[in-house]
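Sharing a structure, written as structure tokens. Questions coming.
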Amino acid sequence: MLEPADQTAPLIRARGLTKRFGSFTAVDEIDFDVAPGEAFGFLGPNGAGKTSTMRMIGTVSPATAGELSIFGLDPRQDGASIRARLGVVPQADTLDTELSVIENLLVFGRYFGLSWAESRRRATELLDFVQLTERSKDRVEPLSGGMKRRLVIARALINEPSLLLLDEPTTGLDPQARHLVWDRLYRLKQRGVTLCLTTHYMDEAEQLCDRLVVMDCAKIVAHGSPRELIEKYVSREVLELRFRRAEGETDDSAHLDGQLEGLAERVEQLPDRVLVYTSDGEAVAAAAYERGLRPSSVLVRRSTLEDVFLRLTGRSLVE
Amino acid sequence: MRVFETDLVVFRRSWHSYLISGLSQPFLYLVSMGIGLGVYVNRNGGLPGGVSYIDYVAPALLVTQAMMAAAAESAWPIMGKIEWDKTYIAALNTPVRVGDLLVGDLIWIGFRATLLSVLFLVVILALGAAASPLVLLAVPVAILTALAFAAPIMAFTATQKGDAGFNALFRFGITPLFLFSGTFFPIEKLPEVVQPLAWVTPLYHGVAVARSLSLGEVDPIGWAVHIGALLACFVAGFAVARITFRRRMVV
Amino acid sequence: MIAPLAVGRRQSQADRLVRPTHIVERNTMVYRHTFIVIFSGFFEPLFYLLSMGFGVGALIGDVPLGGGKVPYAVFVAPALLASSAMNGAIYETSNNFFFKLRYAKLYDAIIATPMSLGDAAAGEIMWALLRGSLYAIGFLAVVAVFGVAGQPLVPSPMGILAFPAAMLVGFGFAGAGLAVTTFVRKWQDFDYVQLLLMPMFLFSGTFYPIDAYPPALQLFVECTPLYRGVHLIRALMTGTPDAGIALDVVYLAVLGAVGLVIASRRLEKRLLA
């Protein structure tokens, strides 16, 4: 029985998807759709349930309740068929340390049932794509974190998947290595590969995702494009104020003393600074100065998803 | 000495597993070979002078287990200190010198060999597998044999990058020694061409002295020759180890 | 963009046979770098054969077997083949398997592919058998050379069946080994595994007949897998088969199969939570 390819049907469809480990609920009745060709993100702090969701999509963790279909298939029954068309970049590298760089790809090709010749052709091509051709014969262990991550991405592509799952693809990488990974993922997206990723980095979500859901405590608390989320939940700009604190002061209330009242849409006090949400940061900064506030540093920036998250949960993402 | 103390501290956490694995093997061999197989050897009158097989095998196993333990400890743990955990590198940042590392760990290996040998001697005595009280002197012989193996193997370890070489060392060195150095049968039963091979191995000498002590044979000249061979092996191994250790650690 | 896809395609029989071989390919790739490790394993039973069979054999002469008497080397050679099959299987499925499971995270990576954990476990067993078969062939070849040189160690043409029998012993221990290793928490736990294997090696009728044991102990020894393996291979190599060999075959086959099933289940529970 063949199902006709349907361009509009979602690649992943989840309704009431739930995962419990004993009495602990890791994922609590979440709904989402991932459309073909898009880059879809799960944003949230550690422990929000992102990885559990990814593992369910990867068919390596059975859902406790709810519906989940991937490529229109049921992971409980067609796990192998789903995995055959899926690329997975797990959070930990899980490279085969007993094999060389290219052997890692070759043997994975075999796991996917490719012929040796086909495995070799794709492996060579993919090493070029992730810029590891020169390290092809090397052992995996001495590679840098960024190289390992790129190799894992190449490995996930050996079966030419139409859907690539990435769990925290750039966690632990230095800025340069992150940009290189983002660049490769962007190219994949251009080629029409659907990306589904988790991250707790705002910049990553803004860089890569067309659409995302914000997860917190096992639930989805907001969804939309990065732009939509910022527009919906926070103002355009943020004014960041820092104050020199006297001995024993744990926050900046004494300095503020209600003086920002009426100047901004919203004021958020963090342990180390005060965030003032407004459409015009410069103007508010000037007004605050007029009222006698003397912060030790002033910064005006555009709002980010970090601010969205703070607004939605009252907590910052990376603690 | 400080190196030895560090070892001792680590050992306090894992001694029971060490004793179980270190003692179980010679004990099981002693029961299986000495008693089980001994029935058939004795029935056939296999050994000259009517020596019972368990009396024959017991002192040999006493020496062999000391060698086995010392060999293993001069390989993996030493490699660990050099390469994997880099404890030696850390120690060398203190006033400890390369020679101290070597001496410290040899004392340590000697200490463990002593511990195992004394315990195994108790087993031998409990099974009545020694003909003479001279068997008590077999313990120092076992310790000396252990050191005669530890020193050259430590020298070898310092030349290795990983533990791949140890596999070959045990398969082609230690195991054949265990089987062919007169432990289970007189080397006179070996083909004549290979007999000289047994003479140059330290284990043969250790086994020969321990056995003659345990059987109560008094043979001062033989003892002197065998002990001399063991000492020579230890001294030569120690000299080479000093060189390879220095080469490895002082760059 | 999305290729048409067969819906509801379950794992076919062909996949079930082919997929485990990818693990064999992977392990072969690994050992290409260190073939000496595999090669050296062949010498262990050979050394024991020379030492025990001929050295100690010279002290013993003949031993009773199946109503008759055979030279000690003939008695001990089959036992060494069985022990070598056991050791080869255990080595691959204990330390090596544990390393791949706990440290290399090999199976964590494999679950992202169409391979199942049952495929992976079956592949490891296949690999252990392949390695074991090299040793068995090597050992039997040496035994044959002794035969040609006038020291016949295999009095019976049935000896040829010792090869599949050694594979069966390997299968039994490989399955059991995998299953046990899924319960192991740390390296030191393997000391306890050794504590089971060492007595089996020394007391399972390997080096001398167990007739001298008290009846209760005899019965106990007869229940151990190595005893069954030694009994089977000895019966074939010396041409003294009895009804017991049917029991040996069933025992070892069931041991391997049950081990494989337990190992697969345990892996699934661990990795597919």
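Think of it as A, B and C in the order they're written, each chain with its own count starting at 1.
We take it that a residue touches a chain if its C-beta (ideal position, glycine included) is under 8 Å from a C-beta of that chain, and two chains touch if they have at least 3 such contacts.
Values in this document were obtained by computation on a predicted structure and should not be read as measured data.
Between chain A and chain B, the least number of touch steps comes to 2. The central chain of the assembly on a C-alpha centroid basis is C.
Taking each chain's centre as the average of its CA atoms, chain A and chain B sit 58 Å apart.
If each chain is reduced to the centroid of its CA atoms, chain B and chain C end up 30 Å from each other.
Spacing of chain A relative to chain C, judged by their CA centroids, is 47 angstrom.
The residues of chain C lying in touch with chain B in their complex are 34, 36-37, 40-41, 43-44, 47-48, 50-52, 54-56, 58-61, 63, 72, 188, 191, 194-195, 198-199, 202-203, 207-208, 212. Across the complex, chain C meets chain A through its residues 1-11, 15, 18-19, 22, 25-26, 29-30, 104-106, 108-116, 271-273.
Residue ranges on chain B touching chain C, taken from their complex, read 14, 17, 20-21, 24-25, 28-29, 31-33, 36-37, 39-41, 44, 46-47, 53, 164, 167-168, 171-172, 175-176, 179-180, 184-185, 189-190.
Within the complex formed with chain C, the residues of chain A that make contact are 1-7, 11, 21, 36-37, 58, 60-62, 71-73, 77-78, 80-81, 83-86, 88, 90, 92, 94-99, 103, 106-108, 110-113, 155-156, 159, 162, 192.
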